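Two complexes are shown next, each including chain A; its partner changes from chain B in the first to chain C in the second.
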Partner chain A sequence: MRGIANVSRRGFLAGTGVFVLAAGLPAGAFAQQEKEKKFGGEAMPNGLRDDPALFVAIAEDGTVTVTCHRQEMGQGVRTSIAMVVADELEAAWDRVRVVQAPGDEERYGNQDTDGSRSLRHHYMPMRRVGAAARTMLEQAAAKQWGVPVAEVRAQDHRVVHQASGRALGYGELARAASALPVPDRAAVRLKDPKDFRYIGKETVGLVDNAGITTGKATYGIDVRLDGMLYAVVARPPVYGGKVRRFDAAAAMKVPGVVKVLAIDPPAGPTEFEPLGGVAVVARNSWAAIKGRDALQIEWDDGPNAGYSSAAYRAALTEAARKPGKVVREQGDVAGAMAKAAKKVEAEYYIPHLAQAPMEPPAAVVRIAGGKAEAWACTQAPQVTRLRLAKKLGLTPEQVRVNVTLLGGGFGRKSKPDYVLEAGILSKAMDGAPVKVFWTREDDLRHGYYHTVSLQRLEAGLDAHGRPVAWLHRTVAPTIGSIFAPDPKHQLPFELGMGVTNAPVAVPNYRAENPEAPAHVRIGWYRSVSNIPHAFAIQSFIAELAHAAGRDPKDYLLEVIGPPRRMDPSELGDLWNHGEDPERYVIDTGRLRKVVETAAQGIGWGRKLPKGSGLGIAAHYSFVSYVAVAAEVVVGEGGRLSIPRVDIAVDCGPRVNPERVRSQMEGAVIMGAGHALSAQVTFDKGRAQQDNFDSYVLARMDTAPREIRVHQIAWDDQTMPLGGVGEPGLPPVIPAITNAVFAATGKRIRQLPIGDQLAV
Partner chain B sequence: MRFAWIVAAGLAGALPAGTAAAAQPCAEAIAALDARLDEAAEAAISASSGGQGVAGAREGQALDAERRGVPVGEPAVPYQRDAKETQAVKEAAKADAGGDAVMQARAALNRARSLDRNGDAGCRAAVAEAEALLAKR
Partner chain C sequence: MTTLTINGVERRFDGDPEMPLLWYLRDEAGLTGTKFGCGAAQCGACTVHLNGMAVFSCITPMAAADGGQVTTIEGLSPDGNHPVQVAWRDLNVAQCGYCQTGQIMQAAALLAGNPNPSDADIDTAMSGNLCRCGTYTRIRAAIKRAAQGSRAGGAPAGGTPAGGSKGGRI
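Let's look at the complex of A and B:
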């Protein structure tokens, strides 16, 4: 094993001279107090922890070890969590190291890393962790010197007594501090934000940078154990299919193949279960792949054998043209539409997408002595642990899940089906360590796909071109289809991603959700349903601006309306990203601000040569506000390039601005790929794309040449934090397609753009 | 209602007002239901949770149980130990499958508000529809 350090099975006390602060106290003694209604992190399974004993250890040489309980997939959470703890602890950054917690939510609190909420939920608990540890070090020093604790102060990895000039390093104090009780939360003094040395600043680099850039970091696919076997699985090519019969004779003749066995498909909704199929276990990865190639399998394609993207799009369109379940209503849409001076309608199609993380799913499981141990690139180690225990007939205490770095996740690695496959195969191999690895083709053919959708919008404009009536029908198969049989409607949390909470100042507004059955595994994908909703709404606003003869940016601001603060649940949003609707309101003043910032950044209104255009879009998601202004050039033969993108983000107080910037840059590049070329289509139930030659993401020649990130800075630390990982993506796509219209007059209503600009 | 729409004067005419109907009986029914909806909305948000995985699992199972008219069973996905997650899914179901009926009731009540503003007798029916949806919880 190389690279990423995991918390020792036996805990920090196993080491010599390393002291967990107040390890003797029961874990959770410092946990959140119960409330009748919980929101945010407190409402998540197993809630929040802020006990320094769980997260901080200090060695006699002064090394501070911070345990990160959130999973690292490129977003920099291991750095950001450590920054917060270290800042409050007054620790010197070069003496801080980070270890990764295993899956154990009852110990560490919620670990499921999704929803753009690691810092949103854990920022304050981690501040309290650092501050409590600092307080204990100060108390230990004061006790040693026999002075009031008020006379000492922690500064840069030591505690000083200014009156006498004495100082003790953290390493010298660790043993004594660890014997003290953890102070009550009320007695813990948080730093004045003006004294922050890491939070909100760009003073530290990523803790994993050196390992990543030198190839020493350990991802799930890198894990190697002695005697480890390698396995790949031939899965049903059609969702819901199963093996009718198979012949393993040729596969068994491939040198290195040791076993071929069937994996049962799930009996009910697939949730996180393996899809089933035939596994080939071998002594090396090449033999496993060649053995799989040699398998003779007859498939029963099951109920989704007729799934075709073209036909399904027609069905979605038909559904969108009929009334559906009303999920939001204000005013009288029909009445206002009847009186409108002008009507505009448009339909937008957004195809399936695949998360396609650079590292496909991979996991190792071994079983010995009645216990199982897994190494996996998982976003959700706790659900992995519980699911693996159930699959293997063990208790959770008999299962340990070690988390490696994730080479991207985007929601795919929240579902531990691949870890369960490894568990099943290890059990079949008498507990030998088995690595299941998915090839790129496996990942693209058998994914938890981003939903496909048809968005229909209709608007009535008054004589001044202002929208007075608005109808939005969103039709898409739901993520709920993996948890329950045959649901037809999107769930409230999906609709709360840009429909039931869309902040538009239109007096008569109606949103409907017609039925759409699922025929593939639908899963969450970075930004989830915000992607189709933002694309449709922001494209439609630009279309309305054109119909009204108005500037798109000015019109967008007018549709957003004047600055106001809205309770999302009053609009009809019954999710609100799990946050308290009284604390997390929708502030259109902040949305306007990012629009104006992005527009100013790109030089909105400047003259451009023929074939060039500017587009703009904005979206509120994950309780953050993002706007994107894009410049495109459409050249000969419809060749599209993106010279520049300006993205403005308001996520409230920023913990790690460097990571905010990188997440926005990543979102722009990802969004460019979605706008230009990415899609997964199906024919006869089978995915038609299986590698990056056919599932085309942004490449060097199509990625924006310049990305400028504008971060709205807030000094007010009492403001709630917003998400960062996901909210950048949704407005990127419509900003690009709106720019295409400005450049060419061609309106993009289906993604990807593909060859639509070819002339 | 916790937050009124704070509307700048320029757009005040374009957004819901409703003060003229304040004294009408239907307006009283709307106000009474509004408070219940606020409470139900908070409960639904709280029960659903902020992670899209947990929200999807809880809402999906709760809505399915409601659709089929059966009690919520064991959770499909153990995001926490079975007993705790079973309770959480039951709470999501009790809070109306993550707010599905509350969401529809809010839409119906807003329609009632609009009808009331226009003096339309259909207001009562819309309130009744909202009440029926809320009663499904």
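Let's look at the complex of A and C:
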């Protein structure tokens, strides 16, 4: 195998000539002693680390190796983490390399790469890592020269003593520096942000550019080990189903097929357990696929065999028309509604989606000498390690999880069921390395789907067309359904994605959450419940603007209200994306600013030809503020094209503006696919889409042609960072459908648009 | 027995002639730069050049490659500096990067046959290649940049094997 060998066997602990800066801080030292409620990274499992010994090694040739403990799936975290460390370290970028940490949260702190949290939580710890290492190099040089440390300065990969003109390279200082104790956190001087050379700048390229463009980059599906076997699994076509009986005779006759065996279905809640089924283990991928095609399996479809999207939508709609569990309440909605001059109501339907990362789930596991080793494209290496250990009857210490690049994640690869499948099969093959890979059909038929939902909104307007009463009923099966038997309400974190924290200036507000059972695995999908909530709310605000005869942008600003700083817990959201509500308030001034920026960017108010229209939407999520303005053209036969999108983002101080831009571009294109054509539907419990011909995503010819990203620049480095990977997506879809309304007068209340514009 | 030349090296394969070229490249030849994304000619992650034409290797049986010249991403250029690869790096096109080897092979085939593609040409050539991260605007820009660079340098854009690249998709 190539590439990955360097990662899994990197030698900074045992290698020659490479020095880890001394292990100073005990693991967990960073965790606060205080008993008070923790927020942010400190509240995540295993917390944060800022010990340079864990993250920086310097070789005698001066090469700086940064260990990245967050998983790379296209958000650029390997580059961004290295930028932060290298900047504080005063390292020359061309001498920095990045290796990937295995799953080990005792050592590295939290590694779950989801929730748009990597830089938000690890920015300051990584700065301290770089700064502490720089301090040690300065101390080593000062000691060698016999001068006070205050007289020396680290600068561009060397330490200089200006008074005497002496200088020593980092490589020359590495050994001595590594023998020094790690300085006390309080004694480490962070750089003045005006001296940043990488942070907040566009001075470096992606660390994985070379590997990606030459095909040498290693993803989970690319891992190759000696004697490795290849496996695919036939899983129950209906969630909760199981194998009644199977005949492997024909499969075993396929040349290259080695073994056919059953995998048990989960005994309790699905969680991250394999779905069960029949596995075909073979000498190569093709033999495994052909062998699986030859299996004769009789399934017991189980309790979800009646799941049909059409009937389920009707049930969601019925639930949304009756009162449900109240999850947020301000004022007197019923009273204000009764007195309103005008009432407006609308229902919005958002289908299941599949993450469908371009690299489907894949993992290799081998077991030898009582130890298991996995290679996987996983967003959650520690969770993977713990689950794999449990599945194999090992301790976590007996399991190593090596993390490859991820060919997309979007939440799918937070759930390690596919790694557990590889573990089960390796064990069944006496520990031989087994690669499990999912075909696209597997991925779309057996996903952890984005929830399906019906969002009902009612508003009462006063005589001036201003909303005075607001009722939002959100109905959707919960992610909690994979962890507990049959819950029917959304969890606080799902409701905190745009409902219980919605910043709308309406004096009488109520949100309700009627019941909805789950019939498939529901899982995180990039931006999660913000997608349906933003679609419904931002569509509805545009509908209210129309009812009031107002400009949608002006009306949106009016509904957001005047600039003010709100405590989300006072609105009804105690979750607040896990962040301290005092540090992370909801600042409507920032939300207004992105709306105005996007509107200005697209030239809001300009005259457009018939069939063209502009739409706008804004959403606060992952403690960042994003607004999108879209221009659409609806041509003959309802053919929709999107010539231009302007997206404005305020995510606080930016580490890597180039990757902020790319994440926003990607969010726009992903959102366009959801607006136009993507959905997963079910009939008789079976997903009806199984490849990219039926699960239709944006392509070169249907994606927005021009995307302009506007980043709100903040110089204030004391301001907390917001998320970047997810907050771009939610406002994209309603901006497009609002533009469709402007172009055609047709209000889109169900996604995707599909053929709704065909006349 | 299937005989084919991959990145200039002759190889023989006596396995299932129905095996898609994709799986031969990845599992047998160890060339994992060519990616599996759909297995059904729907995403283009598996794009390679066969006799100078961009093909979906996931639906190209080994029998159809018999006697053929195959170029994969690993063989697109000797040093990884094909103008398309350079443009991809210059513009930081990639996000996760998984689809990009297929995108690059498709773009190289496009430019080999059409050194100055229009937006419509790019749409036609590239719409078979799916990117889930959403890098299309940068892909388009990188193709134009590579085209410009190639024309300026007078070098052919295509790194495809001799024999006349037609730049199409079969």
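Please note the rule applied: the second predicted complex is superposed on the first by the 738 of 759 C-alpha atoms of A that agree within 3 Å, B and C clash if a C-alpha of one lies under 4 Å from a C-alpha of the other, contacts with A are read in each partner's own complex, and residues count from 1 in each chain.
The working rule: a residue touches a chain if its C-beta (ideal position, glycine included) is under 8 Å from a C-beta of that chain, and two chains touch if they have at least 3 such contacts.
These numbers were taken from a predicted model, which means no experiment stands behind them.
Enquirer: Based on the superposed arrangement around chain A, label chain B with chain C as either clash or fit.
Expert: Result for chain B and chain C: fit.
Enquirer: Examine A:Arg440 and indicate which partner it touches, taking first as chain B and second as chain C; both and neither are also allowed.
Expert: The second partner, chain C, only.
Enquirer: Where does A:Asp112 make contact in the superposed view: on chain B (first), on chain C (second), on both, or on neither?
Expert: In the superposed model, A:Asp112 contacts chain B only, not chain C.
Enquirer: Under the stated touch criterion, which partner chain does A:Val419 make contact with: chain B (first), chain C (second), both, or neither?
Expert: A:Val419 contacts neither chain B nor chain C.
Enquirer: I'd like to know which partner A:Gly407 touches here: chain B for first, chain C for second, both or neither.
Expert: second
Enquirer: Rounded to a multiple of 10, tell me what angle the C-alpha centres of chain B and chain C make at the one for chain A, in degrees.
Expert: So the C-alpha centres give an angle of 170 degrees.
Enquirer: After lining up the shared chain so the two structures overlap, which partner does A:Met700 touch, if you call chain B first and chain C second: first, second, both or neither?
Expert: Touch partner of A:Met700: chain C, not chain B.
Enquirer: Contacts for A:Ala505 in the overlay, against chain B (first) and chain C (second): which applies, first, second, both or neither?
Expert: Only chain B; A:Ala505 stays clear of chain C.
Enquirer: Measuring by CA atoms in the overlay, how small does the chain B-chain C distance get, in Å?
Expert: 20
Enquirer: What residues on chain A touch chain B, complex-wise?
Expert: These residues of chain A touch chain B: 37-41, 43-46, 105-106, 110, 112, 114-115, 117, 121, 268-269, 271-272, 325-332, 335, 380, 382-383, 386-387, 390, 396, 411, 414-415, 466, 468, 478-485, 487, 489, 491-493, 495, 500, 505-508, 510-511, 524, 528, 561-567, 569-570, 572, 574-582, 585.
Enquirer: Could you list, by residue number, the parts of chain C that touch chain A in their complex?
Expert: Per the touch definition, chain C meets chain A at residues 15-16, 19-20, 23, 26-28, 30-40, 42-43, 45, 72-74, 80, 85, 88-90, 92, 94-101, 104, 119, 122-124, 126-140.
Enquirer: Quick one: which bits of chain B touch chain A in the complex? Just the residue numbers, please.
Expert: 1-3, 5-8, 10-11, 14-16, 38, 41-57, 59-61, 63-64, 67, 76-81, 84-85, 88, 97-100, 102-104, 106-108, 110-111, 114-115, 118
Enquirer: Any idea which chain A residues touch chain C in the complex?
Expert: 2, 72-76, 205-206, 208-219, 221-222, 224, 230, 255-256, 284-287, 289-290, 356-360, 405-410, 437, 439-441, 658, 662-663, 665-670, 691-693, 697-707
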